[in-house]
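Starting off with a structure, shown below.
Labels A, B, C and D are assigned to the chains in the order they are written; within every chain, residues are numbered from 1.
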Amino acid sequence: MDFRSDNVTGVCPEIMAAIAAANDGSAAAYGEDDWTARVQTAFNDLFEREVTVFPVATGTAANALSLASLAPVYGAIYAHAAAHITVDECNAPEFYTGGAKVVPVPGADGKIRADDLDGLLANATPHGHHNAQPAAVSLSQATEVGTVYAVDEVAAIGAACRHHGVALHMDGARIANAVEHLGCSFADVTWRAGVDALSFGATKNGAMAAEAVVFFNPDFAARMPFLRKRAGHLFSKMRFLSAQLEAYLRNDVWRRNAAHANAAAKRLVDGISGLPGVALRHPLQANEIFVQLPAAVIDGLQADGFHFHPWGNPADNVVRLVTGFSTAMADIDRFVMRATELSA
Amino acid sequence: MDFRSDNVTGVCPEIMAAIAAANDGSAAAYGEDDWTARVQTAFNDLFEREVTVFPVATGTAANALSLASLAPVYGAIYAHAAAHITVDECNAPEFYTGGAKVVPVPGADGKIRADDLDGLLANATPHGHHNAQPAAVSLSQATEVGTVYAVDEVAAIGAACRHHGVALHMDGARIANAVEHLGCSFADVTWRAGVDALSFGATKNGAMAAEAVVFFNPDFAARMPFLRKRAGHLFSKMRFLSAQLEAYLRNDVWRRNAAHANAAAKRLVDGISGLPGVALRHPLQANEIFVQLPAAVIDGLQADGFHFHPWGNPADNVVRLVTGFSTAMADIDRFVMRATELSA
Amino acid sequence: MDFRSDNVTGVCPEIMAAIAAANDGSAAAYGEDDWTARVQTAFNDLFEREVTVFPVATGTAANALSLASLAPVYGAIYAHAAAHITVDECNAPEFYTGGAKVVPVPGADGKIRADDLDGLLANATPHGHHNAQPAAVSLSQATEVGTVYAVDEVAAIGAACRHHGVALHMDGARIANAVEHLGCSFADVTWRAGVDALSFGATKNGAMAAEAVVFFNPDFAARMPFLRKRAGHLFSKMRFLSAQLEAYLRNDVWRRNAAHANAAAKRLVDGISGLPGVALRHPLQANEIFVQLPAAVIDGLQADGFHFHPWGNPADNVVRLVTGFSTAMADIDRFVMRATELSA
Amino acid sequence: MDFRSDNVTGVCPEIMAAIAAANDGSAAAYGEDDWTARVQTAFNDLFEREVTVFPVATGTAANALSLASLAPVYGAIYAHAAAHITVDECNAPEFYTGGAKVVPVPGADGKIRADDLDGLLANATPHGHHNAQPAAVSLSQATEVGTVYAVDEVAAIGAACRHHGVALHMDGARIANAVEHLGCSFADVTWRAGVDALSFGATKNGAMAAEAVVFFNPDFAARMPFLRKRAGHLFSKMRFLSAQLEAYLRNDVWRRNAAHANAAAKRLVDGISGLPGVALRHPLQANEIFVQLPAAVIDGLQADGFHFHPWGNPADNVVRLVTGFSTAMADIDRFVMRATELSA
């Protein structure tokens, strides 16, 4: 009954088995192993084109290394005001880029609008080299508030980026949940829509600690082997990292896990949305629910052992509920039942 | 007839004479000279207490070095969304601090409000060490739009800073203009109001290239000798930098220059404010005027050789007019006369 | 028959079992879990005092984060000219410290001598704040050439560090091999000898990807939660990292693994040291062998499928042979037999 | 009687006059002025080709900005172990490059030998992207010990740089003294010999605070406008900086000043070299003398008011004597006479 985050989950069986199976004799270190070679191919298949892949272990590493590949030290990176890179990575983007500026962009439901972005980029350097130079835009897919950019929304942002000569990064910590929601291909919502570099997340959706920086524009990949090493994110026993990614992509494990998490969230929302005083703060499109509940309901659920985080101003009585690949549907039903009782 | 900025001005006579006079034989390098020692004393007198002073040559250096002394690499620095450090220093604060984040704070007339700041600081770290840690607030005095914080406005912000355990920096690129406007002492609007470190500007108000980082809290000064040297801002022939500051402070040259600039700006505003279609965008409190003018007036003045910059959205017909210590009152009168004719 | 490195090995059974066992339901993220709490206690026991422990996943991360905790941006870090931080981390120490300088110190058998260090520190700042300021010394234990600092050698360096007011870091990527060789306690060769911070390695000796930064001087630990997060080295599913360390320390798994690796190396050296043209380059004290072999022996061994790296100038015919926790003694015997045949 | 350094000197008359003359009305800020445009042309003339010039105010800024233009964050910069960038700039190169490594290269008389460099570069990356990547070589001309690279020595180093694909920087804090000694053109000893970027010094040779970064390879210049601004080294009243450089180049003022300083040093050395116990440590080729003197002579000269610095190990009784553009020949003669008396 733990809805605090999708990173409170463990590891899904296929990935744990793959880790164990990778423990087979000696293997070349630092990514010169067979698992890592196969992961490269698997990502080519997933994205329907040749891509360049760098496995890393955390989402912050994936984001910060991506941005360091896209933005010069005097660059500006546009991201939503609530984006993980803006507020939750303790200045990792600034650190890795050598001091680029993350410009917070407001927008409803956690999304940047292409028109707003176009206006910002058009007016970004009234004072020439006195201003930070627009270098990249970063989208979170799914967003921090559980919404998902439609393919055409990404494409419109991609077009604005092209028009202004800046790169497009996607923070895909929950990209599997987003793709599952959209019912599109990974290619559709990434490089076909103008994305140059992707932080491909697997940890929240069933891996132990595995993400990948995926470059669609190979120009941006050239410095990565060095940037990753100097950041301490090149794993010596890389096979165990790559084995996770391989198992995650094989047989669409990613999709099954994401579909489960999304369905669990939907079931929860469907179950409580008619209750008095319940108001969803953002459309539910992935596996994160931001919902206002009566204080008595919040207190009662917590007293009964349901774990979740309050969100934002305490006076608003908004909580965040996150489902994961391993959320038990019985726990969802218990939550709904108990919330219903508490609302009576 | 040049109203583009106060940095298009030259050097006032006293300061130029002091530079020439400092060219007298050999002197110890790197600030071990007599001029620099006297400047330290002069600043103690100006601020009515012991302060620690580091002369540098540019405002950006003064700001960036100040902030690097106040904020850790994982820190957040709160500044107005239009502040020089936010938008006009090409990521210098991020560079010098090693990647601290400059958080843009909105506010009317270029000012941060103490209440807004208090709210931001109170809610800055909902996720603990995942968030950038509030470290400093930076005020511009005068602001980027020519307004001036009242002493009690600074004091309220200083109190909020103290309450939340963050340092207070003042970007005083135009502090002489501000102090002259306020009619207070330098002490009143700085350390007595809670300021820990000040970028004391002289360049815009009559010096050739001379600013000073002034620390009121000596704890923050300890790392400066090293930070300044590693940034290449320790001048070997420092006497010529210190001589400027000494002359600037002696006999209140700073006040005479600032009073002239402020008076010139006021004379200009008084002269045009009754004309049709003229609308001041911000209260005039120092030497920068942001004013909406009819397009025909703008075009006519420029055709006649008046130099100034358009500001913001071109459709708004807003221009920035800046006066300086050497602005000729006759030029002001010519501007007013011509604007009047063009409005007829 | 893979002697390329101890990081070509897999994961020892106890650690793999612990990873699997940790996959038990939900757990608080980011180190707030029970495994991480127990690891803290286990390290206290190991070091016979209270220490502060931060698990990370790579040795480079452990080193760079340690150094960033010890040295200011204008600092100098003294390390052996062949140390991993000097030559094999692609500027990670410079990156993490914000530009501190790693000063290469020569010394026989991969070791810094206390007297040399004392002389360097005594003369480090003839030009005051123009020079980088001595901040830390970093020792590799075992060293890059397979030797081990005796306890009194570390203590002499620790005394020099204290005398000159600099911190002492130990890169313990192979500290288990060193401690096993010395027959001392971890405490003896670390904090009792003056070490302030330790990169405690487990990956090379049986873990999957697990190291720990251990602070003996708590003053240096204060900034680590932020430094680790902004570097992307705070794992969300930390329990899987901590579970490795817990299993590694439990029942002295570390010692059994290290003893095996050391014994395998000794057996190999004993077996070949009498052969013609065989010359050990450095005393064998841990699990790395640097040995000159006749060219025909090198070629023959490689042709037979023995994997190892040439080292240094190819004309010298020196190779590096590294044993690990899982090296088969039969492979050692095969190596010796084949080398003997090839020498005949 | 001040032989401490050439930066204890003041400003030569032509440059001081040019500063005063530049104080003529308003001028566009930040280098958009006429003086700066003329300086660009003057440098083109001096170097007999089109170059790209960025005036700055300190030598450390010139060096650090040059290197930041040449080296990536994961780069290695090779410089003499005694070079200013290696030991006297408090980590400025590391700071500006974002953590590139300055690799100290030994060599007699303060010089790097091309052969040594070639060997270092050929063996710099045995471990690929684990090693810092060779990016640049930096020569000091004249060197820190007062010697001067011959044109063919620079050319040999330039050829090695080209061969290994690294850039060549020259720290020309005293380049006028070197060129005057060599009797060659600036072109001969810079771009014709393979130099890509030059820190062109003027401050030590008669300017107040004026250096220039000169790029011969325009590829390296592209990022400089941003790098300079974000470092706070873009002067608002740039005309006063450019005016210094203009006057310095006009009518070969640089040569007259350098010739005087070199001649003064030669006169001093000639005067004392026959005295008992006097031993020049390095060939005198510019304006810096490193000489061993009997302790009694050192003490006697200092007692008589001659100022100079001891150098290196005090037991060696070596002092550094630096002459400048304004050194009085009478002071030289007095020094020689007094040293002679003290030797008697």
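Rule of thumb we're sticking to: a residue touches a chain if its C-beta (ideal position, glycine included) is under 8 Å from a C-beta of that chain, and two chains touch if they have at least 3 such contacts.
This structure is a prediction, so every number in the text was calculated from the model and none was measured.
Undergrad: Identify the chain pair with more contacting C-beta pairs: A-B or B-C.
TA: Answer to which pair has more contacts is A-B.
Undergrad: Which chain's C-alpha centroid is most distant from that of chain C?
TA: Computed centres place B farthest from chain C.
Undergrad: Once you find the CA centre of chain B and the CA centre of chain D, what distance in Å lies between them?
TA: Measuring from centre to centre gives 34 Å for this pair.
Undergrad: Express in whole angstrom the distance between the two chain centres, defined as the mean CA positions of chain A and chain B.
TA: 41
Undergrad: How many angstrom lie between the centres of chain B and chain C, each centre taken as the mean Cα position?
TA: Inter-chain centre distance comes to 51 Å.
Undergrad: Listing for chain A: what residues touch at least two other chains?
TA: Expected reply: 30, 73-74, 89-91, 95, 98-99, 129-130, 133, 226, 229-230, 234.
Undergrad: Residues of chain D touching chain C in their complex?
TA: 73-75, 87-91, 94-95, 98-102, 104, 123, 127, 129-133, 313
Undergrad: Tell me, which parts of chain C touch chain B in their complex?
TA: That would be residues 30, 72-74, 98-99, 129-130, 133, 223, 225-227, 229-230 of chain C.
Undergrad: Could you please specify the touching residues of chain C with respect to chain A in the complex?
TA: 2, 4-5, 7-11, 16, 19-20, 22-30, 56-65, 89-92, 95-96, 203-204, 208-209, 226, 229-237, 240-241, 326
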